[in-house]
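Pasting the structures in now, so scroll down.
Two complexes follow with subunit A in common, the first pairing it with subunit B and the second with subunit C.
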Partner chain A sequence: MSDSTLLQSPLIELEKSGRFQWVGDTIELHQSPFMGHIRIRGDLSSPLFVEKIEQATALPLPASCGGVSFGEDLKIIWISPEEWLLVLSSESRVGSMIDRLKTRLEGEHIAFVDTSGGQTVIRVSGENAISLLSRGTTLDLHESQFLVGSSAQSILFGATVLIVRVNSNHSTPLFELYCRRSFADDLARRLIDSAQLIK
Partner chain B sequence: MFLIECPWCGRRDQGEFSCGGEAHIVRPASPDDLDDESWADYLFNRKNPKGVHLEQWVHIQGCGRWFNAARNTVSNKIVSVYKVGEEPPHPEKRKPVPESGQ
Partner chain C sequence: MSTPNATTSHLQEGLTVNSSRRLNFKFNGRSYQGVVGDTLASALLANGVIVVGRSFKYRRRRGIVSDGAEEPNAIVQLGSGATTVPNIRATQVMLYEGLEATSVNKGYSLDFDLRAIIRLAGRFMPPGFYYKTFMSPKKLWPFYERLIRLSAGLGEIPKSPDPDLYDSINAHCDILVVGGGIAGLSAALTAGLAGARVIITEQQPLWGGALLGRPETVVGLSSKKWIEQVIDRLKGMKEVKLLPNCCLFGAYDHHFYTACETRYPPGITIPEGEVRERVWKIRARQVIHATGAIERPLLYKNNDLPGIMLAGAVSAYINRWDITLSRHAVVFTNNDSGYRAACDLVRSGASVVVVDPRAASETNRYAKWSDQNRVEILNQSWITEARGTLRVRSVIVKRSGEGNQQFEFTCDLLAVSGGWNPVLHLYAYSGGKPLFDEQRGCFVPNAKIEGQQQIGAANGSFSLAACLNEGVEAGIHALFECGYSASVPETTEIESVEEQPILPFWRLAESGGEQFIDLQNDTKVADIELAVAEGYRSIEHIKRYTLLGFGTDQGKMGNIVGMAVAAGLLKQTIPETGTTTFRPPYTPVTFGAIAGRHVGPLFDTVRKTAFHSWHCSHGAEFEDVGQWRRPWYYPREGETMQQAVNRECLTARNQVAMIDASTLGKIDIQGPDAVTFLDRIYTNGWGNLKPGRCRYGLMLGEDGMVMDDGVTTCLGPNHYLMTTTTGGAARVLGWMERWLQTEWPELKVYFTSVTDHWATISVSGPFARKTFEQVCEQVDLSSASFPFLSFREGVVAGVPTRIFRISFSGELGFEINVNANAAQGVWDAIWEAGQEYGITAYGTETMHVLRAEKGFIIVGQDTDGSVTPIDLGMNWIVSKKKDFIGRRSLARADTKREDRKQLVGLLTSDPARVLPEGAQLVANPDEPLPATMIGHVTSSYWSENIGRSIALALVRGGHQKEGQRIYVRNRDGETIAVNISSSVFFDPEGERQNV
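This part shows the complex of A and B:
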């Protein structure tokens, strides 16, 4: 069996050819499947833990709710006071990154879990992206409340979703939605249904 | 909409939280020494007050952390939230807060 038959996009049912996308006048939905997702757990009060994570990733470890560190092709998202999501551009980079982290933090009370196979990312962009997401969450996503470059884990259209506001473009905001792959199809369909109601 | 203040994430909708029942219930140090009545009391009997109740809550859809909340069972008003291991709020603050207009 080849790798291509093992690796199947969570939105395979919605994909006619190529990667999932839905493009309307003011909203666009795209999936970024097969990214690397590593759950990091550790103690923020340990200087060694913070130092080594920052060395290995070349990014600051966000210390409070909503914090995100953006790098060239990776980012670190705050999940809880002792948990972070490290996102890599490809699932294939996960193994070497975990090895690197483990070597640097040997003997520390830490955990790294590769959740790449269980999660996917749906990107929502366009001038009406906030109107669309607001139909499925109680969070106030206006950028005066939900800052550009910040994140929140909450409920979106009934699913547990980690929402990240990525760019600083006021007219066409971009959000990344991190969700479990088993919820992705339902979430994408609900996003499409709601997007069609927004003119 | 009922908002709950997570000690780590701030004010969020109640749908993100689950209640874990009464807080500050300590497991008996030596269960073997207890009679059936005391063991049953530990397992099953709860305060169920009309007024401020100290409860465990978890921000299950958010940061996933447990914390304690002092909630008035009549008005649903949360008097204060505090982290696990911290002292409950001063009893003065636990008096039922009169609802406006009453």
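This part shows the complex of A and C:
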């Protein structure tokens, strides 16, 4: 997709000026729209697969399922035994990345699927971030259980969401919510609604 | 109504009694004053209000009995208007300025009439009264019912929507402690000191449990001081969460607990944006039940008179609320705890007589005290009757032994203790079967439940020392189970006090009259006797026949007594009779709290497509399809729905129209075994589908019934895009993964949902090509190079797209998939290009009409899980050459029956008549009811294009009945003649889509 294309995020109805955000005393919500999201499917037992993915992304694959590898402007989230989400800083980088991956793994049983239009990211931060998310998910997000650099796919306020704990700051944790586009508006409304109840 | 004092940094301040701060409140319309720290019950008692309501069945006057959740009598309606809440226990609501309460059972204006009827019946309402009395004459039932309904139920529900906010939160912890009395606090402190994640809940706004009403010395401190110190320490621990005012009401599998936190009491006006109640959904690794015990009443004649209270409650009202309850009191107790009330009564200036059925004992430590305080103790004595009209005035005491002496004592208060029942509700909710302990005269926890401990009074350990020690021990054990090393908190051994054992007894043979077991439901000893005499044996049946334990209090006070009485009558032991089943909630929970924020616009999840704003700004009316919000139709000014749909239908057939089809499920399929997989999952074959071509597929369940359908496209070698129905998207992906992962793991194929990534625009109609070619680059759209059922990649309005030549309307059509982030520009470009051809957007209603004209099915509307492809007349799509899921089931005798319900078209004799969907079909319109149904209408519309109504239906043996006349039989008895026709009403050769 060319850079000049007019893009609309799924939170368009909630955007006041520029990208969506909601800032309270103890909770902040910020959208990171138009990131590149590539679903990678492959077989971890294939040394070639691991080597080539790591070459193409210049990142090691996460060490355990649910783990996250952070790079400078990309990250890899291990979602399920044979599925990863490769996140790029911009949607415009997706095409060349997929080409690069495909070229290196020609003939292998793999799949690289662009889902950039189908997902968005809402970043939740602040001292009451966990309190907010706990209103919508049964996951235990306590730092002893949900480590920095770990992720989980679950239901958050009724939406299918991939939750990533990004930072290690105890007092103001930061989570990224990878949310399906069609649910994003509803999710954001529920996040705001519950955030307003937290004093 | 005013808002709470000092914005009540609510409930935490002003809990302890502060007699200098007065609060005004109203009870049954009269004004009173209480003080900060009062409950409604304590304020009423302090005002000398003895009668708080009338009984449910007999309208007997009743007074406050207890000081907690077990209260059966002081049940009130709080507040008025939209925020009114019924069935609140006056013992559990903290007084606030402006509180307004009414008794839920203070009598109705028609009460008199109803009781007149009851008097005519000449009976005192035994169990089964209603059905025994009002069965005949049958004609009078509506009259009876009206009267009975007026007297039935407790309280009134609000008539308008609740304006208050409620929310819910999930919480996790290592150790959950239920109950903030001495045992619970001791356990929480032990666990908290080790750094464990602890949640402790307490149903009262104040910590301390029984100690609040009966102060003691704990490790050298006053209990008040000890509680304060423990709470301060717990508050300082980062991983400890204290939840006062939070009643844990349910226990479920895997240590899942639900609790309701009351942040503002019912009836109070709360500040904007504040939450009234919050449900906590707690998942714990270890759970400690420190839920205390509830005192039992005793049975004697007129034991329900106002002025008769549980002994523990008497102590609490004297100690905690400083209320002088009595000048002349009688204490009736079969255990030592009643003596504590006697001490408190003496201290508050009352003369006291203690009636104790036990023999005088050396071990009774109160003997000396009674001498000093001129308290008369009558041992081996029983109260057989209480007397009085408005309240208790005297009691009749019988002393066993020589001559069965009988005395009458004048009194204004009777404090009763029949022993204590550990609160084992949570244990029972978790499947625990309590054991009857003869020694202690109560049910206690029996087999341990993994991850659970019961401690203190809830464990039948009633002494202060035992509560403190069991708290520490349980804390250590739970810590160990969670992998923490425990440091034992500094404790001082508390000296255990020897107590004279309880003498449990349940009823006196010589005591007749009205002896109430369940005060809220007016269940008497005589009712249990009648139930047993009529042949009831199971305690569960006796409960239901006599309503024992059916009230909002769930029989917290009376149940065990009732069971023991039943056991006596059945000549069984108490364990043989057993207990009824406890079920959550422990105390009533409001619907508001259960609903939480799932109200109004947040009732259910709403999924939106990328074009949602456009639909809104173009006047769409919406329809919920699953969780999707889809445009239904786009009325122009002044148009009715039918007019709008007619216009959209005509435009789609004669000009050009577009629809947002983004909600269709889309699954990316890649891998060398993709074709093999498709062959197995679909009824038709896929081996010969070339890249760039599309094909319609039908999917069956293992039972051979149609499950889903859609078009699948070969995007390239070993790469396919499957579409599913809107509602079936998640189910189909799960279905495919299930087969791949569990049955065919050898297949090399990957599925990825791309439903949300691709927005889908369907443009169709005779001018679809002319419209689309204006905005589409790089693709030759001519029929020769881009035929029906094929796919090309192209650029539309500068955006890369996938273009499919398919349509669901039977017209020339293009379906465009575009990255949803960039989709609005594409939609706008097509919309602009179509203007010169009069393009319209259409919604689901027009889509349904257009497809029905073509006889295209909608899975889930024309099928219902009991329809095979053969039933649909789609034999052509069922391959004979290969295997697929559901194939074997199609060979079953039942699926091969010729009289199965089969899909047909229906044409009404009157072309203007549109049939109701779901209408039943009959062969003979004159057959008396109930008539033989031969099928039903699945889809029915007015077709503006054909100029008449059309319908699809499933009819028995319908494929053989084309041309026959059958009838719709409507609910109102009307019959409508219809003719069975082909299910394709328009363009039967399918020429239009191929142009």
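The rule is short, and it goes like this: the second predicted complex is superposed on the first by the 192 of 199 C-alpha atoms of A that agree within 3 Å, B and C clash if a C-alpha of one lies under 4 Å from a C-alpha of the other, contacts with A are read in each partner's own complex, and residues count from 1 in each chain.
Criterion: a contact is a pair of C-beta atoms (placed from the backbone, for glycine too) under 8 Å apart; a residue touches a chain by one contact, two chains touch by 3 or more.
The shown structure was predicted, so the numbers you read here are calculated from the model rather than taken from an experiment.
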Which partner does A:S96 contact after superposing on A: first (subunit B), second (subunit C), both, neither? neither
Check whether subunit B or subunit C contacts more residues of subunit A in the superposed model. C
Counting only touches as set out at the top, which of subunit B and subunit C does A:P10 meet: first, second, both, neither? second
Which holds for A:T138: it touches subunit B only (first), subunit C only (second), both, or neither? both
After lining up the shared chain so the two structures overlap, which partner does A:R189 touch, if you call subunit B first and subunit C second: first, second, both or neither? second
With both complexes overlaid on chain A, does A:N167 touch subunit B (first), subunit C (second), both or neither? neither
Enumerate the residues of subunit A that count as touching subunit B in its complex and touching subunit C in the other. 138-139
Subunit C touches which residues of subunit A in the complex? 1-2, 4-10, 12-13, 33-34, 39, 41, 82, 91, 109-111, 113-119, 131, 134-135, 137-140, 142, 144-145, 157-159, 180-183, 185-186, 189-190, 193-194, 196-197, 199
Touching residues (chain side subunit B, partner subunit A) in the complex: 1, 8-10, 12-13, 15-16, 61-65
Subunit C residues touching subunit A - in the complex, by the definition given at the top: 165, 167-172, 197, 273-275, 281, 283, 597, 601-602, 604-610, 612-613, 628, 663, 668, 670-672, 748, 750, 752-759, 798-800, 819-825
Subunit B partner, complex, touching residues on subunit A are 64-66, 79-81, 83, 138-139, 152-155, 160
